[in-house]
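Both of the next two complexes hold chain A, though its partner changes from chain B to chain C.
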Partner chain A sequence: MRVQALENIAGGAAETSPPRKWGLLPASHANVGTAFWLMAPAIAVYGTFTLVPIAVTFLLSFTNSAGFNTAADFVGVENYRKAMQDPIVWQALWQTVIWLIYHVVLAGGLGLALALAIARLRRSQVFFRTAFFLPHLVSLAVVGVIWANIYDPFFGLLNTGLVEIGLGSWTQGWLSDPSLVLFSVNVASSWQGFGLYMLLFIAGLQDIDPALYDAAEVDGANGWQKLIHVTLPGLREVMTFVMSLAMINGLKGFATVFVMTNGGPFYQSELITTYIYRLAFQSQQHGLAAVLCILLSLFAITITVAFNRWRARMAR
Partner chain B sequence: MSMRSREWPVALALGPVLVLVLAPFVWLIVSSLKSEEEIGRADPFEWPAKLMWQNYLDAWRIGGFGELVGNSFLNVAGVVMLMLVTCAPAGYALAKIPFRGREWMFYAVIFGMTIPIQAIVIPLYQVLSAVGLINSLTGIVLAQVSNGIPFGIFLMRSFFSNVPDELVDAARMDGASHLQILTKIFLPISAPAVMALVIISALSTWNDFFLPLIVLISPQVQTIPLGLVRFAGTYASEYRLVFSGTVISFLPVILLYILTQRRFTEGLTQGAIKG
Partner chain C sequence: MNIIAKALAATVFLAGSAGVHAETLRMWGPEQITEPLIAELWNGIKADFEAANPGVVVEFIPPTGTISNGAVQAALQSDVGPDVVLTNSGIGRITVVKNAKQIIPLTVYYESRGWKDKIYPWLYDELKGQYGGEIYEVPDGLDALGIWYHKDMFAEHDWNIPATWKEFVVLMKAIQDKGIQPLAVGPRTPGSAGHLFGNLLQSASGTLNVGKALRGELAWDDPAIAVGAVRLRELVDAGLIKKEMAGLDLDGASRLWFNKRAAMFVAGPWFTANARKAGYDLNNAGYLPMPSDISGEAKPTGGVGWSWLIPTNSKQPELALKWIDFMLSDGIMKKRAQHAASTMLYPRELKDIQPSTPVLKEIFAAAVTGVGYNPSVYLPADVVDTYFQVIQGLISAQVSGGDGMKQIQSKMAVVR
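On to the complex of A and B.
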């Protein structure tokens, strides 16, 4: 209401006002100063605590820095060479890719499936939407503590529950089995993550023109055909957005791994992020850590740019 | 409507899924009220003979949760205020003031959104340490705000862009400065944007773990997620304490969400889509 009133006032004023005048200088010159002062607080904080660190990370990757407050020399591309030869770097990279895929499939998939089901509900929609969103409110670190206990081999919900319902042979060392650990930890992360994707999909479904469904019905389409020919095409934009968001979130995955396994056993759940933390704050190999930092940034930039291009092409 | 007839079958099918998804919460809350001996019997379907509220008192006292909650509140308040002060004017400038280099600034913001915080952590620690802000709430607030600024600016800019230019022009004719236009007109009519920014930065700050892990070293200054992880590590064998401490960590946000869920959901969805 208030917006509308203001718009009317503004509209009225605009009709009677003389043509726009910003003084003698062209608009862009007169405004640079004002714009700068309005952006100054953001630039000051962001410059100091993000831009400077980005630049320093780049420099660090060419030094042999071995800790905070220690002298370091430039060593050229030595760290890049070291990174290429470090088997754990490759393992962490590969596991990060697997981790991303798990997260997109598990969290994105569950979010989409639930959104499709919930969006048809009328009376109970708010209830289900609220209830399914609850895990997303929990800090990933707290999620790590919760799921470490769920996976506890002796007292955890999963193994004790399986025994109680007579599936004792299904019990596993969920976090100690090297072939299972990455998946187990990812389930915890995805449990926390799917709620946001679900909300985004629901918002996307609500934007689809209902007339399209009526038209499909007139054409005699069944439920499945409506899903394939109306719903999923209508969700394409949200779908690419959720995919890029889920990939970026997966790339940033840290807390659950750090809390539940700390990368173990035998580096089987090590991700780029946890390895960076280990190199930076435990073994103090800052040069090598900086190379991984750059790699992580390049990954993130690639994902963002690729999805933006894809979306732009679809919009055309 | 043909939709209506599907209400109950769909709701019934969703029931078991909901039980599975919420089982961790239920199990944790029930287990947190058990005695250590009952937890040792490892039967998740057993109801506690006597509800052990004592567990909560013990966890609260031993884990120092009062202090952790206090620190988290200060942390969130600081971040939310500083986010508004930095992002609203910058978003306004990028949306409504035509100036040379605006495009360039905007791409810098988008670039900033893509860099993960873990990728700059070493120099960030060095900068904070150089200005004496390691192990302080001021340090963590500045680091988190810096990390959130690109998103915040982007969000405010996309809301402000939808406000008609004529509004700015009319106010300029009346002699208002851009700062006055921002505070007297744009912020009041952009309540949903402000709400989205507040909700998203408050939630992500309350739940942040990575930056506190780097910056907040002594227990007296730590926030809830970090404090809980430390507590759960120290008392790992005392399940009743770990369980009740964990419930203490997540329950406040969940209750707040249930009370304000419509606004909360709207703010979060709007923020995520625009951002």
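On to the complex of A and C.
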């Protein structure tokens, strides 16, 4: 009945509605012009720093440009063919996927775990919140240098610590072992990122109605059941937001890899972003690098669309 | 009132004339300018140049990197970058900025300004042969990469300087038996990976074959050149070079050597700066070329290590040329060669100079008959990255010597 009433109101409103207005003023060409000029700075900035670079990148991908000082020739889809045939591109793409998963699980997971651990604290929560957030204030390049030293196989904190506590057999070549290197670098990157996710989760936890926990307790739920049936469902919106953010940050992974391994050893930590940098600014192959930028964009769009569809389905 | 007006007018005139005549030469480099010793040397040179050129101010731009990591290209691309550049060079690196038309050809000045006579004739010939007669750089210093060792450690254990490859491997085993890393390497810094590998190629194949491989006259997977890669992998498999070294950079590997947890390290004369910074006693440093079974091929590797370049968008091209004239002058070159901050070989023979440390004297002596190739600076830019990754693959035991060299060869084939 209520829905019907609303539809009636809407229908009635449509029949009798006055001419469309721009805010409080009647619509006119002059006002459209005003609106345009008010938006112009934002459009100009967006166009200059987003749309134009996208267009230039797209055009570059069809040239053999070696830099802005050179006359670039149109080479058709040659760069696309080269990219498809380059095994490093596929390896880097696959490693980017792995990197992204590591980041979501490590940084997102740690952020959630710590949020759950400190959300109920009363006096010391501010201290822990600040302490855990601090790494986020450190630049990724500095984080890379710090962790590269922690991972030093001979003098590093990790290996020497393991030896000191009698676990010498656990020491590893954290940055030299091909099966470990991507994970090791990701730990450094996630260490820098988890603080933000933790704060978001804490905010989400504070939004959950305490009455739900009381009700669960009355029903005899234990801690684990409360977590599964109250806390996690209550964090659904925050979780999807954190996952989106973590995926975007994961795709942007560059600085720690660049500083800590430069993609090595033997391409085992190469990401699409580091390979783009290498091609564009070390080899000056701007055309090929532009193709990889487009590939990365398509990859990001695909992941985002897939994630949003999954989120919509979950919401239903 | 009149006096005040005149004073004001004079001030305005002076300020105006200073604005007209003051010229600033912005220079990319030198590396480690923030080090007090290096700063002392370069500030002295700057003062000399400014005194010789009234109204000129030289401004150093501390480098954020090299051509290898794209820092120079980014600075030049900005269009507010340096007027003259001093950076790590060699054909591999120079080709990148030359192809991007970021630097100007300097060939005519070699004749008109007499630069041709201020560098070794063989060096001039080498530069002339690189781009069909066009030259884009002026060498500032040459590298001479060889093995650094601790004199006291060798004396204590009675280890002798090896004369052959076999003796070298025996020595490495003896060092390992004492619980010391025989050889430190930091391949996370690409150059450091190349220093060791270039030495191994030189030792195993000789200058002629390495030169042929660099010019594309010999395939990189040909056994005559691949043997160096095979040897590296054998050293790794025998544990004489730890796989974990693949996780070290130049600083990490240097630290291992400075702390005497490693007996040997492949580096050039520039390592004196690192050693000084680490507080290492340079009188204890010894230097030897990588032993070779080929007669006369136990020699350092290197080539042009640092060069002067003039950017296409230099705001002061004439001043940049004057600066290069100045740097090539006898007085400045000798001053630099004898200064404690000196870390390289100079591009022409300097008579009657006294290097500041004994190890530099040893390096100068080892390089007197010339140096072999360090492929890191001679390979085309598109290949050099594969080259470094293959070396990392060898040290981390991910690829065999033969397969690694095949990868380099396939990249060379594409580029050529």
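Criterion: the second predicted complex is superposed on the first by the 271 of 316 C-alpha atoms of A that agree within 3 Å, B and C clash if a C-alpha of one lies under 4 Å from a C-alpha of the other, contacts with A are read in each partner's own complex, and residues count from 1 in each chain.
Throughout what follows, contacts are C-beta pairs under 8 Å (C-beta built on N, C-alpha and C of every residue); 3 or more make two chains touch, one makes a residue touch a chain.
Everything quoted here is computed from the prediction, not taken from an experiment.
Novice: For A:Phe132, using the defined touch cut-off, is the partner it touches chain B, chain C, both, or neither? Pick first, second, both or neither.
Specialist: first
Novice: Quick check on the superposed pair: does A:Ala42 touch chain B, chain C, both, or neither? Answer first, second, both or neither.
Specialist: After superposition on chain A, A:Ala42 lies in contact with chain B alone.
Novice: In the superposed arrangement, which partner chain does A:Pro178 touch: chain B (first), chain C (second), both, or neither?
Specialist: The answer is second: A:Pro178 touches chain C but not chain B.
Novice: Please indicate which partner A:Tyr151 is in contact with in the superposed arrangement: first for chain B, second for chain C, both, or neither.
Specialist: Only chain C is touched by A:Tyr151; chain B is not.
Novice: Taking the superposition on A as described, I'd like to know which of chain B and chain C A:Gln284 touches: first, second, both or neither.
Specialist: second
Novice: First (chain B), second (chain C), both or neither: which does A:Met243 touch?
Specialist: Once the two structures are laid over each other on A, A:Met243 reaches no partner at all.
Novice: Who touches more of chain A, chain B or chain C?
Specialist: In the superposed model, B touches more residues of chain A.
Novice: Of the two partner chains, chain B (first) and chain C (second), which one does A:Asn262 touch, if any: first, second, both, or neither?
Specialist: second
Novice: Figure out whether A:Ser297 sits in contact with chain B (first) or chain C (second), or with both, or with neither.
Specialist: In the superposed model, A:Ser297 contacts chain B only, not chain C.
Novice: From the superposed pair, tell me which chain A residues show up as contacts to chain B and also as contacts to chain C.
Specialist: Residues common to the chain A contacts of chain C and of chain B are 68-69, 148, 154-155, 277, 280-281, listed in rising order.
Novice: Provide the residue numbers of chain C that touch chain A in the complex, in ascending order.
Specialist: 68-70, 73-74, 77, 96-97, 99-102, 181, 187-188, 190, 242-249, 252, 255-256, 259, 261, 312, 381-382, 385, 388-390, 392-393, 395-396, 398-399
Novice: List the residues on chain B that touch chain A in their complex, please.
Specialist: 2-4, 6-7, 10-11, 13-14, 17-18, 21-25, 27-28, 39-40, 42-45, 82, 85-87, 89-90, 92-94, 97-102, 105, 111-129, 142-143, 145-147, 149-150, 153, 164, 166-167, 169-170, 173, 178-179, 182, 185, 188-189, 203, 206-210, 213-214, 224-226, 228-229, 232, 239, 242-243, 246, 249-250, 253-254, 257-258, 261-262, 265, 268-269, 272-273
Novice: Applying the document's contact rule, which stretches of chain A touch chain C when the two form their complex?
Specialist: Residues of chain A touching chain C: 66-70, 148, 151-155, 173-178, 181, 260-268, 277-278, 280-285.
Novice: Which part of chain A faces chain B closely enough to touch in the complex?
Specialist: 2-3, 6-7, 9-11, 13-14, 17, 20, 27-29, 31-32, 34-35, 38-39, 41-43, 45-46, 48-50, 52-54, 56-57, 60, 68-69, 114, 117-118, 120-124, 126, 128-135, 137-142, 144-150, 154-155, 157, 160-161, 163-164, 191, 196, 199-200, 203, 217, 241, 245, 248, 251-252, 254-255, 258-259, 272-273, 276-277, 280-281, 286, 289-290, 293-294, 296-297, 300-301, 304
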